[in-house]
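Chain nomenclature is as follows: A, B and C, assigned in order of appearance, with residue numbering initiated at 1 for each chain independently.
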Amino acid sequence: MSSPQVPLDTVGTAYTTAPPGAVRRKRMSMWQRPPYWMMLPSVALLLIIVVAPFAVSVYASLTKLNQYTIAHWTSAPFVGLENYADAFRQGNALGASALQSVWVSVSFSVATTILITPIGIIAALLVNKPFRGRRWVRTLFLVPYVMPVFVNAIVWRMLFMNGWGLIDQVLAGLHLANKDTFWLIGPRSFWAMVVADVWSSWPFVYLMVLAGLQGISSDLYESANIDGASPVRGFFSITLPMLRPVLGLALLLSTLNHFNNFTLPFIMFGTPPSPQADVLPLNVYITSFQTFNFGLGAAMSLMTLILMMIPAVFYIRMLRLGEATS
Amino acid sequence: MSKASNRAKLLSAVAMVALGTTVSACGSQSNTSSTQENTAGHATSMTLTIFTSKYTANPQAQEQFLNKLASQFEQKNPGIKIQFTYYDSASQENTTLQTSLATQQGPDIFDIGTTFVPTAYAMNGFHVLSKQDWDKIGGLQKFFPAQLKMSGPGSGHYIAVPWEMVPFGLVYNKKLFKEAGIQSPPQTWTEFVKDAQKLTNPAKNQWGTAIDPADSFDPWHVGWVLTKQFGGDFVSADLKRATLDSEAAVKGLTFWFDWVQKYKIASPNDMTNKGTDELRAFENGHAAMLVMQGTSLIPSLESSAVKDDYAFAPMPTIPYGMNALPQGGVPVQTFVSGNDFVIPKYVTGERYQAALKWIKFFTDVPQQNEMYNVYGQMPVNVNAYKNNPELNTPVIKAFVAAENHAYPIPFTPAWGNIEVVYGGVSNKIANAIATHSYHDGDISAALKAANQQAQSSLQQ
Amino acid sequence: MSYSMSAQQRFWNTLRAVGIALIALFILIPLAYIVLISLTPDTQVGGGSLWPSHWAFENYAKMWPTVHLAQGIRNSVIISGLAGLLATLVALGSAYVLARFQFRGRKTFMLSLITIQTIPSVMLLLPLFVIIVVIQDAISIHLVGRYFTIILTYMTFALPFACWLLYSYMSGIPADLEEAGFVDGCTRLQVVRYVVFPLLLPGMVVTFVFSFLLAWGDVLFASVLTSAETHTVAVSLQAYVSSGESGGDVYWGQLMAASLTSGLPIMVIFLIFQKYIIGGLASGAVKG
């Protein structure tokens, strides 16, 4: 073992960032060029099943594709950017709240991600070391993730129901709130939605971290132990840096996925939900797909996508995700 | 490295086996399917696919019933085979409809709701039935005339054939009525409020009625009927102007929310209710009267605590505080509600003829009667009610009476948009009430904003 | 390490027990509520009292024929299992190239994977169906409603995430080992199979689980790309909710019972697979 001081601080980079140039040159010379054929199946499938429909959808966003033209969709009139202008003008069934929906969606996905990350990391650390019954605990931790989203929404709707819902009854029993407190309408509906989503989605971070932990060599901890570092310090100086690529990815995807979640508010609340819980995708879904305006729907989806990708690209740059071998 | 590579060998072996089964599983699957297709496609027979909603209250009974009907039909019409595909949700129905029309292939007969017919008509993807076609089905006169009003924009332009009707009515709890000393169900909305006040006892969590502003459809179901009674509509008669901001529309929705706000006959907790929550309140004796969708409720009422105590009455038509309908008011008790068959245009020639045959068969008296017996859905064939004691019970009579006061919603393809914006208004008001920020004039302002949205969808 | 527990260790063990108990409680309270509803007669759900007047065990019997639950579960296991497995294997190839080689367009490719992952799926539904029908007409083989089609769709949807996930895990594995393998005279495929594969196993298991769950939970694509014979369990479960949409009563008890029951196969699969998520693999290999 080398000096304990060095790996503690640099080990993360040693494994995850650029290997010394000499090593890479050597490898490149021995391995010749990248085996592109290994990527071929992925690329081909993505092209046919995602990229091609996406391109069709982009085209549709430039046409007046709606209930009148759907039967002859190839000849739907071309309207240029009109749908995009419409999307700005009429976000919501009651107008002018598209911006608010963006704000709700951003707060929702950020709040949820911030809450599920520590829970997920702690849960993974708790079941990382062997103990009796560990596999049952590990499996139990997966249960919320396995419940279908709409079942989750129904259950939390019942739990949060004012008057007879369990949460109001418990809060009233503890004299913390009135039994008739509304959770599914008004400002509190945002938090009801966050709680329901946290319950069902923290195992995502948990699973990612659990697998990430397995890649950390126990030697690192042993050397840290010899060094007399406490487990807490070990966590911050070894575990967290080593988890960086996995955790960075988990946070990014969690944020993006929660931004897209519309089943939960769709079932938990009425349609449309309270302005405080009216997330953008739901807004898009209702104004376009329930009212058969596919062109507008595609335009709104595309704008949502661009809106999400701008911060995502910054984030990827900032964390230098995907640059391990560059 | 030896330990690691042993494990690796084992694992890769497992993976290869798994991959092997993958391939063979896919292979066997495609084999069986292609043989099925061959027998269906080439032989002398044709298979008609009917896309129909799943009757979730008792799907087994539905399957048994439809399969039995199919085999009877196949015996009478050799060469035609009937196959059913059930959809489980409205979104699945929509998506299949859109994809079928866009790709010009799919089911031969679609089952759609009456309020969707205007949109389906605008899609221009379904056969307009000719006089000859109607004769093959058994003639227009075999159907309840009100149901046909939602079959197309006018006679000669019908695309939809009714097969079931679901008029709305007032369901009430006889036991609670007796306890409150009320003899008969209310005839006017004034009586309705008065009775409901007698039936309300907040201490016992018992209320005269209930509302469900968080539901996607119920707010307009009730709001439209009330608006018509006040002499208005959601869209002008020429279908060019949205009139959600009319005085009648404002009065209609205000009256509904006043059940909570002003008359205190519905629980303030109702603001987050959907239809099913409202029904639950009735079934548990927390609400004494409900404006609800007809016979489709009966199975759940029959299995509830109020199974011996419920009865139906037609909805009142005289607005609150009035002795007669106001100027222009229409005695609407229900909108024309039910389900219809439509045949897409990609179904042609012999297939089209076969589809008509099936529709005739399904809407004939024996089959309609059996449909009622199996799952309590009301026949649309007028002759089914003649000399049939089972269809002359007090409950059914109340609904037939309501059906005679059924009026069609405006036949506009923008109706879907109107439903959505109206739902938005209902939710906005419920939100204001729940957060104690409701002011007079909120409903009128919200309807005004909604009207602009509705107007822009009408102009498309 | 000594065999007797040090005070510090006892402290950490107690803390772990407390932590697990807290998280378990957080999971179990809503779960217990689901179990409770699954045993409550439908008309008493939400009737005001938490405990039903009698237990409705019959929900667990009635649910099977109501929505063809067994068939749905079987289809879901086949479809999700194969989609997960194929996505993991196909992504392994891409992730390997992405993690071990530097080439032009690599970064763009990885960014577009994230973009693809972010496309709202409602946007793809209609065009994808149209494309499948076009292909179907061109090769005159029926595709809609086949296992094959839906499996391929799900595995492709799972690919971007799977590639990134495996890429992240692979970045954590030192490349020296593969070079050693190459020096020993292995071909590239052999190196991937005998060196990368075992080291990456925890990551692959997790990738499989995520891809599996993606396919398991989807309702949108399954409802149009599957036929009555190939419906997944998520589609079947949704049938329970639709009667609520039309104003009727919902079989709450059966819905909850069926949701719990349909979760069991995933639990079993995870119970089997979780033992491959074990610590110290990388370290063991480095030592070996």
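Here are a few things to note about the model shown:
As a working rule, contacts are C-beta pairs under 8 Å (C-beta built on N, C-alpha and C of every residue); 3 or more make two chains touch, one makes a residue touch a chain.
Computed from a prediction, not measured in an experiment: that's the story for all the values here.
Interface comparison, A-B versus A-C: the pair with the greater number of contacting C-beta pairs is A-C. On a Cα centroid basis, the chain most remote from subunit C in this structure is B.
One finds 36 Å separating the Cα centroids of subunit A and subunit B. Chain geometry summary: the mean Cα position of subunit A and that of subunit C are 15 Å apart. In subunit C, the residues that reach two or more other chains under the touch definition are 45-48, 126, 130, 238, 241.
In subunit B, the residues that reach two or more other chains under the touch definition are 98, 102, 205, 215-216, 274, 277. Multi-chain contact residues of subunit A, defined as those touching 2 or more other chains: 73, 161, 289, 294. If you check the complex, the residues on subunit B that touch subunit C are 1-5, 7-9, 11-12, 15, 18-19, 22, 25-26, 29-30, 33-34, 37, 53-54, 56-57, 59-60, 85-92, 95-96, 98-99, 102-103, 105, 205, 215-218, 274-277, 279-280, 283-284, 286, 292-293, 296-297, 299-300, 303-305.
Residues 15-16, 19, 23-24, 26-27, 30-31, 33-36, 38-43, 45-46, 48-54, 56-57, 60, 73, 119, 122-123, 126-129, 131, 135, 137-151, 154-156, 158-159, 161, 164, 166, 169, 199, 207-208, 210-219, 231, 242, 245-246, 249, 252-253, 256, 259-260, 267, 281, 284-285, 289, 294, 297-298, 301-302, 304-305, 308-309, 312-313, 316, 322-326 of subunit A are the ones that touch subunit C when the two sit in their complex. Contact residues of subunit A toward subunit B in the complex are 64, 66-68, 70-73, 90, 92-95, 161-163, 180, 182, 184-187, 269-275, 286-287, 289-292, 294.
Residues 42-48, 65-67, 78, 82, 85-86, 89, 125-126, 129-130, 133-134, 141-142, 145-148, 151, 193-195, 197-199, 201, 220, 223-224, 227-228, 235-236, 238-251, 284-285, 288 of subunit C are the ones that touch subunit B when the two sit in their complex.
For subunit C in complex with subunit A, the touching residues are 12, 16, 19-20, 23-24, 26-27, 30-31, 33-34, 37, 45-48, 50, 90-91, 93-94, 96-103, 106-107, 110-111, 114-124, 126-128, 130-131, 152-153, 155-157, 159-161, 163-165, 167-169, 171-176, 179, 182, 188, 202-203, 205-206, 209-210, 213, 216-217, 219, 234, 237-238, 241, 252, 255-256, 259, 262-263, 266-267, 270-271, 274-275, 277-283, 286.
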